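Below: a set of structures, written as structure tokens.
Across the two complexes that follow, chain A remains constant while its partner is chain B and subsequently chain C.
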Partner chain A sequence: MAAIDTKLSHYPVSPRASRRGLKAGQSRIGLLMLLPAAIAFAAIILYPFLQALGLSLYQYTVEMMSPQWTGLSNFGRLLGDRAVWGSFATTAIYVTLTTLGTLVLGLGWALLMNQPFRGRGVLRSLSLLPWVLPSTVSAFIWGWIFNSRYGVLNALLLQMGLIEYPQAWLSTPQGAMLAVVMTKIWLSIPLFMAFFLAGLQNLDREQIDAARVDGAGNWAILRDHILPHLRPVLIIVVVLGVIGNLQQFDTIYALTGGGPVRATAVLSVEVYRRAFEQWDIGIASAIGVLWVATLLPPAFLYLRMLIKGNN
Partner chain B sequence: MRLLSRIMSTVAIVGVMGLGTAQAQDLSFMSFTYAEEANTATVQALLDGFNEAESLSVEPLGFAWGDMQRNIFLRARSNTLPDVAQLSERWLPTFANLDSLVDLNTVYGQETLEATFAPDALAMGNIDGRQLALPLISGSIGLVANKAVLEEAGVEAPTTLAEFKEALIAVRDAVPNSVPYSMATKNNGSILIDFMIWNWVHGGSIIDAEGNAVVDSAESRAALQFMVDLMNERLAAPEIDRPDSRRLLAQGASAFYFDAPQTRTFLRDFSGQGEAFDVNVLPLRTPVLNEGDASTSVQWGHLLVQFAPGGTASAEDPADKFLSYLTSDAVQTDFPLKMSALPVTNSARAAVADDAYLTAWAEATGASRTNEVGIWSNAADMTTIIGEEVQGALLGQKSVDDAIAAMQARLTESMANATPAG
Partner chain C sequence: MFDLSSTTAKVVFGLALLFIGFFLFFPLYWLVISSLKGNAELYQIIPTPAPVMPTLEHFANAITRGKLPMYLTNSLITSGASALLVTVLALYAGYSFAKYRYFGRQPVMLFMLSAQMFPFGLLLISIYPMMSSLNLLDTQLGLILSYIVFALPVSTYMLYSYFAQVPDELIDAARADGASDLRIFHTIVIPISIPPIVTVFLYSFMWSWNDLLYSMTLIVSDSKRTIGPGLLLTYLNEVNSDWGGAMAASLMASAPIVIAFMFLQRFFIQGVTAGAVK
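Take a look at the complex of A and B:
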């Protein structure tokens, strides 16, 4: 029996073969498939962002036909602008309350939807309704609930005898903030619930049953078994929630317009007000740049987790 | 190959059709009245009339009143301005520096315009001697009452502030769940008008002729305190903007609010009663502080501006023919009446002098004053400042003294960076 020749150099090699071979071809196809998304990203996100970044270094108001270079003076002006710092504080309050609220209620609802009961499928489907509705429609629904004259909330409280006169919920800073936070939580619960539900599907039931046999109560099971199991999902959900809430504009603008006075003027609303109510594009761009800067840490964290997960 | 040729043919046909559509209109007209459901048919009739008269077609671009400034601003940046646009009189200074805005004195001649238009109407479109706009309809912002509500509360039309407050209390007590005076408390632009009028009534002023902020005065504090008291005594309510006021008055849930004469058209629509509601629309003199004081109201109107490359145009251009048509007697003796407003030309005003509603409105509001904020190029910024500070006081977030002091400081800073309109 003849021995098999294992030396590669003894085999004929095509003159067209490149050193990178099959892997290079795969990379090229990968890049090609990435191209449409990359072009779309460059056209509708990167280009406007770079333009805004550029405009933040110019003075550009409605009275000027062309922008004038002022360097970092817009950022200098923002340092002394109490309204902008107020917007940072308002944004922090809004993001914290919405993220925490959605986290707790989304997890609670997911735990409920994970229990076996009749009609669970229908209820799970119905739970997605707020997510399906356009956000501005949801904002108007909540606007009507809180409306001082025709609102359901006032009608209910008046009927129960809990208030003597209709209350203007959206006219107090606390009431307006509560309204925009509740609206966003209501909108976000389905997404959070879906994440948690997916995580709960992988939970080992036998582990829970064993814990119950050992005498563990509901709280102990949640604390010692469910939450540790959901930890990766929790981190992803919190990071995505923070990013989404930092970007929020439409529901807030539709519900309160950033008011009363400036009570719900988060950074997104502040950018809009400066650009399209006070017609100061330079300052609006500078606030926009700072706003993007607040988005970078959670976005970096998310990408890091994503890449780590893939590896 | 056959597939390729089919695709190319389809593309060619679509291209030709698109080109045909793009070239079908002779000029574009951006209008907020066109976007108002109650008035779309009236404006469309104007465009059809122009088409019939001049064989020129107009592409209407309807945008809500609140979106107009933003749209013009963005279109100016992207060189996609319409040929003609409708503006509120207070917006003109904001756009006065656009180099595509046509000085209509160069098109029609200053003498011709002065001979044609009523001086008060023409003045609304004039900035530093340049006629940057022609008036379309005019009037003033004054006090309107619902006669039926006043009768229900058993009160007469008030003439002084004291009587006004008594009337409001009577309405509050006689009409359950009503907002006796639908004062603007939500939108900065509307809040500005209400504050400006009450400030004038109390003898105050916001900006003087030299551009100095002068709102930190005893008169202005008294005016704001008066407004805050109305809120505290449930004679006015939060979350009210002009459209809310119109609906409340039309539904008999409010007795008074400030608006332009055009209010009658809105009230007909919102009441669901049409012209039958006219008997309830009562224009009133703004109550005065002391018996014998002159009543006050704010000058109001809709303007027409023309945009053209380099700001140059001639009377033979389609856009200028359109402007001529809109200010002709045929239109001016009809359109303003449908809008419940005064015509702007001398001849049309003479022709409609016997219109009972407009006569009553003119008598009630008397000589109106120019919007003292709207004449400055930083009007948008000042509107935000005044709106925020007044709203802060009305909602109890700050004291009257703090609000006025903050308003003075912020207005002073804003005026320091401002340039006079034009």
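Take a look at the complex of A and C:
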């Protein structure tokens, strides 16, 4: 897909232009231009990252003046910490449900929005809104919908006869998980849709028309042409979705605070609680190291795709 | 794409549209509707589908009684300054990656991008003491600097993939006329790059504007609080919940970013999906 090329149409773009680069003698100016961002990156992203990894080898709690080296003992403590294992399980459930749910609904919505009908443009624009709302706002909306006394979800289910009494959704482990998962799916559908729509743009229409002449129905076209065509986009979307969902904090914290008890305490919430509520920095960092380990496989896949795309 | 001439196809299409559309739009509808209901109407077990007696009292309360204007101003300052900073840094770095060749260029760029897997929550464990030792805890400057974390890597990549498409002939021609590299960048390349620059600014602004975690942790004083934690602490505390107020304040807190997004969504989407779809 062409990237942002709105104003560039005035200029002849030679196919080799972007590959060739400029003369080597100018590399010093190039390095100077990179310098400010490199310094900012090193100071505020790389250094804190390495330091946090390092802190996992220290005991460092709120009562202590300075961190004390304890080697791998934090990880030893984690092995026997059932709450941390629970947090991993919760994260696995949360990431699986959100990623799968967004994938199905995002793909479905993109296919619908790719079909010409009256009012499609407006609908397409409006459906991007959940994505840009502040996370606190998303949490408010869904917290109100799931409200135990005046929530519209209870009202709908009561009226349809699916439940007999109003449910205190956010006070039960399953209900709270359902709420945080629904919220995340809702706010991620637009991004997934945008990726799929971009992928659908360069679908070969003639090939589909030809298949149709040969008698292929809608289902066959979806299965044999559209889905195979979207495969690369699908992989990217899943990888980016997993990375994003593994890191989600704001909506969960605002909706449930990780509760009830620990029912929605995914790794991001667990690290926050240990670091900034219990002020046990060493243990929080150790959990963080394991958290990064879960992020490595999808991040590796993502980088590999970028490198392939660049060459 | 699909052939919708048969009745079955029409029904399936319509049902899918209705189902996903309901899931996407009902929460937004409910947000607007709830903000316009008076408290008597708001707190009913079976709610009215639309306000019987629409009122703007929640909006008026949020503006006059609450601290919403202050939180909005604080968010505007920190998000705006941070987005500006990220845009300027990413502008030069992206151009450098796209148009210059030097040792380590590709690895450095990929390394910066891989920072996406550094969880923001983990970074905060070290950013907190760092800001503390620099006396930047509970300051807007501290928050502005910390917000760089969110968007710098992706913004750099977005601008890189744009600049890579700018033809070298354009730059070479200007260089033949004796213009310096910086001058070429400032007077020729930047003017034709306004849409991606605005996109990157908005992308970065959105991250900071929507932030809860960093602001909640690095800011202690109420007078410096931004909208994320500000809304949460005002409307959903242990003692009472003011849902009408929460909905009205949510709408006002979302307005700036929604309006900006509506004008720029085409560039925005192209920018965010650039590089991922080839």
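One rule holds for everything that comes next: the second predicted complex is superposed on the first by the 268 of 311 C-alpha atoms of A that agree within 3 Å, B and C clash if a C-alpha of one lies under 4 Å from a C-alpha of the other, contacts with A are read in each partner's own complex, and residues count from 1 in each chain.
Here is the rule we go by: contacts are C-beta pairs under 8 Å (C-beta built on N, C-alpha and C of every residue); 3 or more make two chains touch, one makes a residue touch a chain.
Bear in mind the structure is a predicted one, so any value in this text is a computation, not a measurement.
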item: First, second, both or neither for A:Q51, with chain B first and chain C second; value: second
item: More chain A residues in contact - chain B or chain C; value: C
item: First, second, both or neither for A:K184, with chain B first and chain C second; value: neither
item: Shared chain A surface residues [contacts with chain B and with chain C]; value: 147, 149, 166, 276
item: Of chain A, residues touching chain B in the complex; value: 62-65, 147-149, 165-166, 168, 170-173, 259-262, 273, 276-280
item: Residues of chain C that touch chain A when the two form their complex; value: 1-4, 9, 13, 16-17, 20-21, 23-25, 27-28, 30-31, 34, 42-47, 85, 88-90, 92-93, 95-102, 105-106, 108, 110, 112-128, 130, 145-146, 148-149, 152-153, 156, 161-162, 164-172, 181-182, 185, 192-196, 199, 206, 209-213, 217, 227-229, 231-232, 235-236, 243, 246-247, 250, 253-254, 257-258, 261-262, 265, 267, 269-278
item: Interface residues, chain B side, partner chain A - complex; value: 70, 73, 94-95, 97-99, 177, 179, 185-186, 188, 234, 237-239, 377, 380-381, 384, 388, 391-392, 395, 397, 419
item: Sites on chain A touched by chain C in the complex; value: 1, 3-8, 11-14, 17-18, 20-22, 24, 26-27, 29-31, 33-34, 36-38, 40-41, 44-49, 51-52, 55, 105, 108-109, 111-112, 114-115, 123, 125-130, 132-137, 139-145, 147, 149-150, 152, 154-155, 158-159, 166, 186, 189, 191, 194-195, 198-200, 203, 208, 212, 217-218, 221-222, 226, 232-233, 236, 240, 243, 246-247, 249-250, 253-254, 267-268, 271-272, 275-276, 281, 284-285, 288, 291-292, 295-296, 298-299, 302-303, 305-307, 309-310
